[in-house]
Structures are given as C-alpha cells and as structure tokens.
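Look for chain A in each of the two complexes below; its partner is chain B in the first and chain C in the second.
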Partner chain A sequence: MTRVAVRAWLEERLDLEAASHLLEAKVVPRHRYSVFYYLGGMALFLFAIQLGTGLLLLLYYEPGVSTAHESVKRISGEIPFGWLVRSIHRWSADIFIGVVVLHMLSAFLMKAYRRPRELTWLTGVAAFGIALGFGFSGYLLPWDEIAFFATSVGTAVAGAVPFVGQAMLQLLRGGDDVTGSTLARFFALHVVVLPFGALVVLALHLLQVQKHGMSVPPGVEESGRPRPFFPDFLLRDLVGWTLALALLAALAALLPAELGPKADPFASAPAGIKPEWYFYAPFQQLKWIPSYVGPFEGEAVGAVGFGLLGLLLALVPFLDRRAGRGERSPAFSAAGVVVFLYLVALTWYAWLH
Partner chain B sequence: MFWEAEFLFHSGQEVRAMEVGVPGRRAFLDRLLGLSSVGTLLAIVYPVLHFVFPRSRPKGRARGAVLAGHASELPPGSGHVFPLGTQPAILVHTPDGQWRAFSARCTHLSCTVRYNQEMGLLHCPCHDGRFDLTGKNVGGPPPRPLPEHSVVLKGDEVYVAESEVG
Partner chain C sequence: MVRLASLIAFAALLLVHHEAAAEPGKDSCVGCHDDPLEEAGADVHRAAGLSCVDCHGGDSSAEEPERAMDPRKGFIAKPKAGAVARLCGGCHSDIERMRVINPRLPTDQLAQYRTSQHGKRAFEGNQRVATCVSCHGNHGVRHVLDPASPASKGRIVETCSGCHNPEYMKGASIPTDQLAKYTASVHGQRRLKERDPGAPACSDCHGNHGAAPPGVYAVTHVCGKCHATQAELFEASSHGEHFREAGVPPCTTCHNHHDVLATSDEMLGTGRRGACAMCHEPGDRCDLATIRMRQGIDKLTASLEATTASLVRAERLGMDVERPTYDLAAGSEAVVRARVAIHSFSEPEFQKIIAEGTEVAREVDMAAQAKLGEYRYRRQGLAIASGMLLLFAALLAMKARQIERK
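Now for the complex of A and B:
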C-alpha cells in the first residue's frame, strides 16, 4: 500500500483532516508577557516524565512493610540505572510542583481566570491539589524514617479538622496509626487513583484552553500577529523541554535521591526532620501556631486555615468581580501577592532553620 | 396523583388526563426509574464506603506490664522508646534518679518524642514540641501533657504498665 492509501484509510476512520485544521487554527498571542505561556507546557512535560519514570519504578517497587524499603534500596543500588530513574522521578516531582506554582502565579497576575475561563482556573486548582497529593503519597512509598513521620504528621493534620477529621484520618491511614495498611492505600492512591484523576482533570483543563484560546491580560497590547502553535510555539516548547531534561539529568547525577533508614514505628522521630520543600510553609506555620488559639487547639486552627486557603484559591475567579467585568483590579492582585510572599517567607525561614 | 392518572388512562380518558395536567404513565415510569437508580447507587456506595473506612479496632493495649529496658543500660539523664501494645512509649531515667514512663506520641501531631539530654526535656523534633520530665507540655505547640504510665523495677529489669487513663 502506498502512503497515500494508508493516509486515506486512516482519514476515513479518524477524521485526521479535522484534527489538523484544529492544530492549524491554534495560535499563541504575542505580547511582553508571552514568555509565561511556556509554563503550562513545561508542567505538562514534567508530568509526562513522572508518568514515564513512575511506570519504570513500578517494575521493581514492591509495596508492603517488609518489602518497600528493601525494593527501593535495590532500585537505587542494584538495578542498572535504577538510581537514575528514581532520582529523576524525585527531582522532576520537585521541579514540577515549582513550575505549577509559577504557572498559577502567572495566571493569577495576568488574570487569566476571568470570564469565561473560570473552569480553566478551577481545573487548574484541582490539578494543583492532585500534584500535592502525588507528592504526599509518593513520599511514604520508600518507607524510610522521615517518610513515616511525615505521613504521621500529614495525616494527623487532616485528623485535626473539626467534626470530619477523625473519619478523614481513618480513611487516609486505613486505621488508627500509620501502618502497612497506610502504605497500601498510599500506593493505590499514587499509582492508580491520582494518575487517573490527573488525566481527567488535565483533559478538561486542556479542553478549556483549546476552546477559549490563551488569555491576553487586560490592558496589554499585542505586539504583532499571534504565533502559530504548530510548529512555531511547539518547537520553542521543545527547546525548554530539552533544557529541563538536561537539568534533570544533571541534578540526578550530582544529587541522587537518598534513602533514609527503614521506618521504625517504635523509634523517636529523627532530629531536624523536615517535609518536602513545598510543604515547608504549612510545616513552619504549624510550629508557630500556639497550642491554643482562644478556645481552639492550635492544630485544628492550622488545619482549618489551610483548608480555607485552598478554598479561597479555588474561588479566585468569583471573588475578583472587577476582573470578571473586564475592569482593572490591582487591589485584588496585591492581596494575592501578599499571601504568596507570606508563603514564600515561611518556606524561606523553614529552609534556613 | 399519578395513580389517578393511571386510572384515567386505563379508563380510556387520556385526553382528559392531559387536559387536567396530571402526570401520566411516563411520569410514573420516570419516577420508578429514578427511584431504582437511587436504590442501585446506594447499594453500591454503602458497601464501598464500609469497605474503604477501616473497622475501628480496639486499641492494642498491652496486657499487664511490659519489659521496657534494663536499668543498667539507662544511666540517669537518658530515655528509651519501646513498644507498649501497638503504641510507642518512652521510659525516662531522670537526672535525679527517678524512673518514669509516658506515651511517646506527641500530643500535637503524633510524632514520636525523644529524650533530649541538652535540654533535659522530652522533645518532639517535628514541630519543636517540649515536655518536661513529668510529661507536662512546657513549650511549642503541643496542647496537652503526655499520658503517664506506671513503672515497676524488678532487679535490673524495668517494667511499664499502661495506665488506665492513658
């Protein structure tokens, strides 16, 4: 069969023409902030890296209290390039969260959430929540000392929520304490529930982006004709992705993922214990909230506070009414920046101490 | 009511049924369908929820006293974490020679505390929670003291029994 015949055969079944029309119509606006449009694609690329390396790790990782730590040790020490795959998975996760945070921050400042893109923002917030869930659940899987206590604390924060906390704690831990049941749950969450959720949420997110096109910030003048997405923008994306891949390889080689001593539920928490960097802000905040705030226990105040912050983030498009009407709303942006800077300061402080 | 409508249909007065605006056979079937859909959904959700939420098990209390350590291995001013039932507990030999035992679960967010010799305190490294050697919360975020257990010395062996209140 000739190439033309194959193409015709596929065309009849897949309607490729329509897909290529769609691709041709997709453009990226050009203005002085257009560099921020690369962040979404970068997040997507790093997520793909996570799927790929995660799938590879699945071939050797064995969940279970008596096998998890041993299998991760084997991946890092015995399996050819196991250290590389695991280290890239760890570093890519860290950078992924950072890129998603910047992507959200730029969407916030460029007011890309305003009508009719509220659902793009909401699915983005959901994807951010899923990303944090990936980080939290994946952290336990090596079943080392720090992972054990990080999970104890993280699930206890959920347990501190008034009324529903105890049920959430039981649901997360699969019992009263962090045990093999917790490990089984976190494994299922990390490799099935969250990836499936992420794909659904990302599909909705990208569908929205496709439908509404990319948002141009209010009051920003476009400089010239928009850039075609294919191949111009995609090729530029590729340059960024190649750089990211090089950075990941370098980080993995120079600072490979570590593995602490195996978790022992009957040992003291190690001195100087800290969570992953993206949980530094809540970690530091929990240290600073006193044992009682008025009549309420400090940890309950913290847990409810974090929940409210997440809710506020999700409601941004509905709270910024001026932007929704197409008016300027610098006060709203300023409020967001203040909250962001506070979180950065907490993270910075936790980093130094 | 819908059975009235049914009656009207059966008595061949469909036109009248439509005129008076009573829901007809379709509405009746729609309701049945809705009801059975909800029923089916409940029959799925109920067992799934019970499957996902673990059956709460009685706390693994230690029966009687547990050998927590040997006096000769714990000089004054030291502590040692050991399992008491399913929970970690900490045995403390205070600098003035007393033996005490507490739940090792920090009352803040359930990390396991350690004996910190420099501070002369029980310290939780997770959020810098501090307890004195009587178990009282004296610094950082913990809201309550550590529950105390009772200690019995038999020669070199130190036994700890879970206190009823703990």
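Now for the complex of A and C:
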C-alpha cells in the first residue's frame, strides 16, 4: 500500500510512466560494428568515476602555492584510502581520454556524424575539448616539479598563437609566469567551469542521441531486430563498467599515482619534461617544427596548425558531403585514418624518447 | 708679430710640459732586463702602480746601468731573507698606505712573521728559510684568493711541501714526513682527493704569516676551530683536566696530528684499535664503561640500519615513506651526537643520547612495518575486490545472455 502510494506520489510529480515508456522504446541497432556502441557508455561511466573521485579529493585538496603539494601528499600518505581515490582519479582520467578518442574514431568511421546528427558530433567534439581541458588543468593541481614546468611549456604554446596569443597566455597564467594565480585559475577551471560545461555539453549530446537514436553505418546491414536498451544493452554496459572498475582498482593498487618534488619556480627545469600522453602528439610536432617556417615563428605555426586540425575535426559533418547524402565516402575516411595514424605515430615516438 | 711670438712660446711650453710629464714614468730597467712582470702575466703590485724601483731601489730614470743600479740610491739586486720581510713589510705594515691601496688587507703580516719559526730564523740570518716571496712569489704576485697564487688555499699544501720535504730539509732537526702523513689523513684525503675546499690545509692549523707548531695548550683551540663541540666537551671533561696537568696535548694524542685518520667506533675502548689503550688497562673501570658505550652505539646503528632497510623495502613497493624517512634523520643525528659526546667522557650523557636515538629507531621502525602492512592490506584488498568485481561481471553477463535467449 505504502509502495503504491509513494509511486503514485512520484508519478504525479515526475511523470515516471512517460520516462518508463521512453526507456522501453529505446533500442540499439544490431550489426557487425555494434560493439562500438559500448564506447559512449564507457566514456560516460569513466566521467562519472571522475566526478565521484574528484568530489572526494575536493574534501582534502587545498589549492595554493604553499598548500597544494602538501595536501596532495597528505591525501596520498595519510588520509584513509586517499591513495586509492587519487590513483583511480588519475588512471580513470587517462583511460577516459583514450575511450573518448576511440569513441570519436568509431563515430568517424561509422559516419555517425552525417545528417541529421551533426549536432551530436559537434557536442562530442566539444566534450573532447573539455576532456583535454580537464587533463591540462588537472595536471598542475598537485603543484609538483614536472607539472609546473609542463604547464609553463604548455601555456607558452598558447602564447605563440598570433594576435590573441599573449592575451590567452595572460588569461591562462594570470600574469607573465606560472604562479599561484595560475594554480587558482586552473583549480577554478578544473572544478567549476569545466564540470559545468561538461554537464551542459553532455546533456545536449545525450539528448541528441536520444532524439536520433544510434546511427547505423551506411552500407551496413542490420543483423536481426534491434536490441532493447533496457535491460539488454544496459546489462552489457554494466559488465564493461564492472570490468573497467576492476582494471582501475588493479592499476591504482599496483601503479599508484606518483607525486614529484614540490614545484620550485626558481629551480632549473628538470630533464625529460613531458605533458600527459594525450598531448604527446602536439608536443612532439612542436619539437620537430624549426624555429622559423618562412617568415613565421615555428611555435606559432604549430599552434595554429593544431587549432586548424581541431576546427577541421568539428567541421567533419559539413566537409563529408557524400556521407551527408547517405553515400559511401571511403576517401574521406582514409584521409581521417591517415591523420589519426600520424598522431598515433607522434605519440608513440614521444613515448619512446 | 706678437701673435707669432705667443704661438712659439705656447709650443715651447707644451714641449717642456711634455718632457716634465714623461720623466717620472720613464723606466730604464726594462730597457736592459726582460720585464719579469710581463712574463708573469698578472701582478697585484703592477696593478697598484708599483714598478721595479719600488722593491729593488735604484734610479729607473737613469740611462746608464751604473747609475740606475747604484747601491747608493738604495739598489738591492736580491734582498736577503730578513730584508725581504722588511721590504714587503715597508708597505704592508704601513697602515695609512695600505688603507689607500687596499683597506681590506691586514697589516700585521710582518709582526706575525717575526713571531713565526720562519721569521725567527730569517732574522737570525738563515737564508734557506721561507720569506714572503717563498709563498707569494716575487714577480707576478697574485691575490691569495686567486687560485693561481701559491699561497691560495688550493695550492698551499703544495707550496709548504716545496720546502718541508726530506730533500730540502736535509740536515734539519724537524720531521719531514708531514706531506706523506697529511696525504694519508682524513683531512688530506678530503682536501687533495675530494677537492673539498672546506677541509683544512697546513695554514689552517699552523697559521700563515705566524706559522708555528701549535703548542700543547693550543691544540684544542686549533682543532676546535672546526670541531668546536668536541673541543668544548673535552676541555670541560675530567680528561681535559688530566691532560693539562700531565702536559699531554689533547686531540692529537688520540687522533694524531698530520696523520689524522678517519674515526671509527673501534677507537672507543682498549681493543686493538682502541685509543683508550694508551692510558687504560683492559678491565679497568673506564674500560668497562667504554664497553657499555660501544654496545650502546653498536646496537643503535644496527637498529637504524634495519629500519632503513624496512623503509627502502616499503618504498620499493610503492609506499610513501617520506615522513618516516625524514623522522629517521633524528636517529642518525643521535649517532653523530653520541660520537661527539664521547669527548665528554661522561657515560650517562652518552647513554641518554643513545636512548633518544633508540626511541627514534623504534618509532620509525613501527611506521615502516605499518607501511609494509598497508602494502599487504592493499594487495589483499585488491585480490578480494577484483574477485568480487569479476564475479559480479560474470553474473551480469550470464543475466544478459539469459535475457537474450528469451
């Protein structure tokens, strides 16, 4: 009786019946590539892990030049399970970016961006940008030596962008150099601006997915009737998420997140400064670009080049007109794969050197 | 006409002025002699505006050698030992003059030299004894802070041993094995092998201008310049009093002087390498005390080593051991303090420090064991969590298949 009353009370206010119908009606197409549909859910799960562990870290992290490093050290060494939460946050971030990249690659190859899903793609690219922003801003927060110098180098690249570079540099650093002001800005960016942006973008992305359903690649035949999202697909999602959780726990226990010596702005830069792995490609490319390319500064050319690459990525649905008309466009896919493989090669090279 | 006369008069005035100005700078010495300062490359005296005649006397403006090097004009070709000191001291002891040239230089060198063994012998007429130029050079004198100066800290051992060697000192009544002993000593090893600029060289113990062997009662002060706490403890101890009464030099009696060897805990007691055996008999009251002290320090160092090994192991396993590693420094410090406290010859003081160190080692070892325990706990936790998660994943997969079949 009570259960029925509660349900009726909720029904009156939330229209649960409609939500239930929506869930029952949602299906996932079946074909030989449908395994890639799990990547979106996996990215969402890892993002949730990031939010959860991030909130726990927020309980003890203290931003500030004199407190950041100390508080991270305390989290790793003294707070019960602090090491576990921090290590999971760290590993989950890495895997999250990897999964987002694979999710985008599969969407690209399956032409999931074609009409009418242009906005799904655009919000996906925006979410990818936000994910990179999370990585870049989060890297500085422990205020250790490598993070400090890697951020100095990273923000200097932003400063090389013609016309607006210096303004961007000042905006990011909160001054001429990486200081406590930079840490304060990156902290605000990491825990307020980016999460808010991510939630908005993800909501739009999921709304689009809900509205248009999963895209079936052109020329691919469906094998059997679509799989109901609930509970069939969600159960399979859960299997993947549980395995991901087991992997994260193992990585955290066996390879816990490290913390270098506290940043000293007056010390000379240590050897082997590297950004996070997902910035290896631009990092390596910038190292290879000569100081001057014609009349232009090499760093500016690199920064503008990668900016244009990002723009091209966002404009994919509008550039691939054949796919927009429902036709096959293997040349466009091949061009995308070549660019992707080049970025992978750069990352691999930077990893080894 | 008047203008022409004025012009000629002005030109004549210029010429006369030029002649007059050229005269003091004229140096006929280098007309015949190769300029030794030119060969030396750098010389503080030339930089200060001095020339040959300022040291050698004579008349540098005279063209003829007889007039230029006229003894009546104070010319001295090669001053004798005592004269060298007086010659250099003529300027260097002149406070007003040195204040103008270099107010930071001391002006007591000559006074000190007169009190030194070198100075005493020089003024007695010994010509083989060290004078100013023996250490500073004659032409091409450099500042003592210049590493190229023979009197610089980096070269002083080489300079002193230039004379204090068996060959030069043949027939002299003083020992000539100082360099060999110093080279083998802990000071010499630091100074000569490890190039430690803080390690003492000859002049740090003997002085420089007033160089002399430190007397029996000065040894504590000399060694105490660096080993201040040991010197203070020794002076205040019963041994300090006994040594003074017996006229036995402190410090060097146990540690030697030129051949000061690296200390070790084996020096404590009457054992084979024990320093106490010189005065104490095995089994006497003091020997028994040193045996207890030795046991204390051995036990402390052993427990610190075991704790360090546990910390290293925990760190290798990925645990954060920064804090206990930092805390352990107090234990190592206790060992150093205990070794210093030996110079007080007070067993209670020594054992108090050993007890402090032992407590630190015990606490840090507990922390290290806790870290190792935490590591085991994490492993067990990982195994249990992984097992549960995998089991849950398997159940979910089975359920999904079951639904699929329906």
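What to note about this one:
Quick note on the criterion: the second predicted complex is superposed on the first by the 352 of 353 C-alpha atoms of A that agree within 3 Å, B and C clash if a C-alpha of one lies under 4 Å from a C-alpha of the other, contacts with A are read in each partner's own complex, and residues count from 1 in each chain.
To be clear about the criterion, contacts are C-beta pairs under 8 Å (C-beta built on N, C-alpha and C of every residue); 3 or more make two chains touch, one makes a residue touch a chain.
These numbers come from a predicted model, not from an experiment.
Looking at the superposed arrangement, the partner reaching more residues of chain A, out of chain B and chain C, is B. Shared-chain residue A:Gly326: touches no atom of chain B or chain C.
Once the two complexes are overlaid on the shared chain, A:Ser76 sits against chain C while remaining clear of chain B. Once chain A of one complex is fitted onto chain A of the other, the partner contacts of A:Pro116 are absent, as it touches neither chain B nor chain C. In the superposed pair of complexes, A:Pro261 makes contact with neither chain B nor chain C. Residue contacts after overlaying the shared chain place A:Leu235 against chain C, while chain B stays out of touching range. Shared contact residues of chain A with chain B and chain C: none.
Touching chain B in their complex are the following residues of chain A: 149, 152-153, 156-157, 160, 167, 170-171, 174-177, 181, 265-273, 283, 286-287, 289-292, 297-299.
On the chain B side of its complex with chain A, the touching residues are 52-54, 56-57, 59, 81-83, 86-88, 90, 104, 108-115, 124-128, 137, 140-143. Of all residues in chain C, those touching chain A in their complex are 318, 320, 322-323, 378-379, 381-382, 385-386, 389-390, 392-393, 396-397, 399-400, 403-404.
Partner chain C is touched in their complex by these residues of chain A: 73, 76-77, 83-84, 231-232, 235-236, 238-239, 242-243, 245-246, 249-250, 253-256.
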